[in-house]
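Scroll down for the structure; my scribbles are underneath it.
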Amino acid sequence: MKREEGKVRLPPEGTLILSSSPHIRTEDSTRKVMLLVILTLIPAVLASVWFFGLHALRVVIYCMAFCALFEYLWCVLAKTKSTLSNLSALVTGLILALNVSPLTPWWLCLAGAFIAIVVAKQVFGGLGQNPFNPAAVARVAMLVGATGPMTTWMDPAPGAVFGLADKVDAVASATPLAAAKAVAGNAAEIAYYNSWDFLWNAFLGNVGGSLGETSALAILIGGIALIALRVIHCYIPLAIFVTITVFVWIVNLASPGLTPGPLFHLLTGGVMIGAFFMATDMVTSPVTHLGGVVFGIGIGVIVCVIRIWGSFPEGMSFAILIMNALVPLIDKMCYKRPFGWHPSSINILQPRRGEIK
Amino acid sequence: MPSSEWLLITVGAVLVNNIVLSRILGICPFLGVSKKIKTALGMAGAVIFVMGIASFATSVLYHLMLSAKISIRIGSFQIQDLDIAFTKILIFIVVIAGLVQIVEILLQKFSPALYGALGIYLPLITTNCAVLGAAELNAASGRSILASTVYGICSGVGFGLALILFASIRERLELSRIPKMFQGTAIALITAGILALAFMGFSGLVK
Amino acid sequence: MESVLVAVGVVALVGLILGVLIGFAAKKFAVASDPRIEEVAELLPGANCGGCGYAGCGDLAKAIVTSGADPALCAVCSAENVAKICAVMGVEAGAKERKVAVVYCSGDRSHAKMIAQYNGLNDCRAAASLHGGGKGCRFGCIGLGSCARSCPFGAIEIRNGLAIVHPETCVGCGKCVDICPRKLIRLVPAVSKGHVYCNSLLKGPQKKKYCSIPCIACRKCVKAAPEVFNPQGFLVRAVKPELVDAELVKSAGCPTGALQTVEDHLALGQAAGKEKEGAA
Amino acid sequence: MISSIHPKRFTGGIHPQNEGKELSANEPLRVPPLLEKYTLPIHQNIGAPPKLIVKKGDEVRKGQCIAEADGFISVPLHAPTSGKIGDAVEIPGANGAAVPAIEILSDGADEWGVCLEPYPDWKNTDRDKLKKRIQEAGIVGMGGAAFPTHAKLSPPPEKIVDTLIVNAAECEPYLTADDRLLRDSAEKVLTGAAIAAKILKISRILVGIENNKPEAIEALSAVSEKFSAEIVPLHVRYPQGGEKQLIYALTGRKVVAGGLPMDVGCVVQNVGTLAAICEAVTEGHPLIERLVTVTGTPLVRPGNFVLRLGTPVGKALEFAGGIKGPVGKLILGGPMMGFAQSSLEVAVSKNTSGILLLAPEEVRQFEAGPCLSCGRCVDACPMRLLVSTLSKVCENERYDLAEENYVMSCLECGICTYVCPAGRPNVQHFRRAKAEINARRRKK
């Protein structure tokens, strides 16, 4: 009890911390957010390995490693503190990998990683400053610049990697989206894509496509986990899904046979991964809930327009990029006024014109 | 003309063949007057106005030129039935330059603030290839006077859309920590490039 | 050949018509403006530092021409340019004294004692309302560099937690004077070669608690040059700074080193500063 | 009586993971021994500082007025104990700037001097007399604002006030002084509320209290019948105790930005203030001591203390048993809105609600990482500000844009900073922006 009588002293010089309020904070950090995104993408990675075997794993490792490499190189060259530890480069790499075909050659992964990390992110000032989703930019640039390798798909061979099926490694002709587009207007052919049999395969992922496009189920699991963990809000994905459903339904009513039904559009292509993991990228999406809804509706409409009438079979990355460009405007338009805001308060909150220059 | 044709002209000019992002015309004011949404709006208005009027005027002239055959006789010097359509670029430039001068004078009189904000870029509309491009494209695709005017206005709207989008992004970029060597035009060009990439998604909508 | 002539003729005709139209519009909607504004703006430095109190060089040019502001208001403007502006305006040019900013503190990290660790915005004004960023002395330089960032001419360097003005680059615009929350920076005649680098109003022993280089008001310098230095409370200030030269500083023999030459102050923390530069 | 009002839920807000109230809530109230010397800061209220009327060497009695109110928005200051006036000194204030203070050297007798005349029969006392008494007793808002209470109780005649709101929310983590006060002397608080209600000529008294204080609610409801006060248990949600949020929760009325509670017919008083009003009116005691929570894990015996004004923080920490572990931060006030200190000489003043020590491992430093635009701050902001944009705008010192984005509405409640995964010092940004904008406005 001697200490109790002793004089209270401050800790030695320089260890007492002075900072502005608040003095407590949540345990959350950028690193933790990024880690959760990676963890929730693991089902999708596993699914892609199940369907495409080691090809998928190869692409994932390439993309993640190259992205990390470019992030590191940038930090070294720009003489800034290494930002590798916030894991954002790995998230970008992983999402990029899920956006490409399992047969993507290594040099294309390298180019994609360069575009994603350097061109789309670091030159804008790094994490948090980029107006466009890095993975989407990289995918679009790769698609436009190297159409051949980017549209060389592979037939799924479920479980082949574990010896449960014959290894085929066959080069497939097209993704369901491209195939359906090729027969657009032919009602009989289109009907196949509305059959439960096909939709079930598309839901599980037993179709050709890029790593993350195949298994809607795996992405759904990850996406719901992401929402449950409160990393993202459900507004953007929901708005996208509802818009696509309604839009395709109306198009089907207006001209039957032009395109398969809403479920087909939801389950194939990049809608799932785009809606849960790319459109919800915090940096490039609106901050308000209402803005998120507008953002999602925009993506939904653009995806449908491109898929149904455009020359590309898939428009998710394009739609995300276009809506990314609109985010600053959406943020401006969709912001509600502060609590208790009233026209009469304008004099207090805002300077009268001419009062402050 | 059927209504679907009008839709094609509109959508085509605004989105698919966007004069800036797809045809890469009018980059100078696109990069120059896109720092603030407010001035971008003014510039967009000015360009829509100029493009509409220029498209109309050039289209009228072009149609006149197509129908006019000139015969001149000065002494022994004689020209018979000369088709003067080949002078269209020359005439278009003169007409556009003149129009812009008048717009500039009017603007200085009636909206000095906007005039100040647009600065050098207003006279530059004179030599803006977007305006001339619209006029040329009209002539090349043989549109009627009305269709030309609509196309001109829609191209202006497309330009305005791209400009405002770009300005909103640049307003945001102004708040970010862009590495020194990429500041200014460098980052603007990169952004414009990505924006153009994004707009490529619309290709094929209008055949 | 003919076609060229026709082209020339047609273009000339169109040009003529438009020329008449433009001429008419220019006459009808003419806006008067004073060409001198542009001339004066050309002569101003164009750094838009705002040191003159106007919202930039263009604004000052306008004020000089239209509302008769002092052509020498711009501290940055060279004497010949001021003379030229005066010539444009048709007024007499007055003599101009060059001033530089001086930071009245020598308390870098090796001299001032830290009592706490500051964690927050890298901005002196923010830190000033938070116990001044951890330095024990509440009069001295906070050292987070608000002044350096505000300087349009890059004349201020933060070295070892202390702002140091490079007098050869400083033009005396006074921007840093307004920025500094501790009011440490003052504009003094550039001819002055030494200063009492201390700003603390506390009593000597209290100053010594947190700083090893304060002015303890021992008045040695006052005795050496009573017409130059004048004690104000517990702090000595040079009332005639233009008279301070290196010799006077030497003869005063300040026991703590608060009174030192500009060169010595510039050399403060040189070694530590180099190290940091290499890292940055 | 527990009210049937269904409290409205304001947008935003958070429920801090670690409330830290258990450290001090259940400790009985302690009255520390008399000190030899008190250092009384002179300017303890918002508005004009009081004028000193004693000089060095003067003998004063406990409760004697030593500084007179200077104007309407000002209150007098009283000696916390009997003794001699010492030196006029400068001590660090809450924000580190030096403030003038006066030393009082205790004679150990602690004798009351000539007190104000008590009004035990306050129900039949003139309203103006009561109001004057509140000023004479030096009472200010003890929740933190330190705005003179008598001024708050004098709405201009054109404002119609119909509700007195007793702010017992105490939403700040770690602080339990109001909780303790209600548990021990709920009657005193409600008497104070009744006096305030009488001054305002109203009968409706609402007590807003977070439902994590069951004992206090029980104590309140036991005596509330007598004063016809309605007790409204509220959700535990910081900043439930913010004036605007509390008014909205209890009445559904929204105070317009830049407006005052009395614009919507409400007057909000903190429980500590009401207890002080009760003492001043019924016993004639001026405000010379207050309840302070001295808490934190590095302390040996955290708890609530009745501290005389002018008690140095270092002494208060000694009363709480001293420090047992390493200290990372010393905070005056609560962890969300309090001020970090670098000195033990800071004195307890009329608005000091708590003294908090944090261990080094509890202090999470700001990293000022890049904003991810995750929108958590926007979701959580009780004023519904576009925090992410504001934060970036302020980082770039674009105060014109900050003003356009309503930075002046910021409460500085600290939520945006609490939830930020990037560890950005948002509140500090906004404080700076507000200071800068105010300075510019004054200049024009």
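Per-chain numbering from 1; labels A, B, C and D assigned in written order.
Rule of thumb we're sticking to: a contact is a pair of C-beta atoms (placed from the backbone, for glycine too) under 8 Å apart; a residue touches a chain by one contact, two chains touch by 3 or more.
Bear in mind the structure is a predicted one, so any value in this text is a computation, not a measurement.
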Those chains which touch chain C and also touch chain A: B, D
Comparison of A-D and B-D by number of C-beta pairs in contact, larger one: A-D
Chain A and chain D, separation of their C-alpha mean positions in angstrom: 46
Chain centre separation (chain B, chain D; CA means) in Å: 63
Chain B and chain C, separation of their C-alpha mean positions in angstrom: 46
Sites on chain B at which at least two other chains make contact: 176-177
Chain D residues counted as touching two or more neighbouring chains: 339-343, 365-366, 370, 425, 428, 431
Multi-chain contact sites of chain A, meaning residues that touch two or more partners: 10, 15-20, 125-126, 128-129
Category of the chain touch graph - line, ring, star, complete, other: complete
Contacting residues of chain B [partner chain D, same complex]: 174-177
Of chain A, residues touching chain C in the complex: 10, 13-20, 79, 357
Interface residues, chain C side, partner chain B - complex: 2-3, 6-7, 10-11, 14-15, 18-19, 21-22, 25-26, 29-31
Chain D-facing residues of chain A, complex: 3-11, 15-30, 32-33, 86, 125-129, 233, 282-289, 331, 335-342, 344-345, 347-351, 355-356
Of all residues in chain C, those that touch chain A in their complex: 55, 113-121, 126, 130-131, 133-134, 280
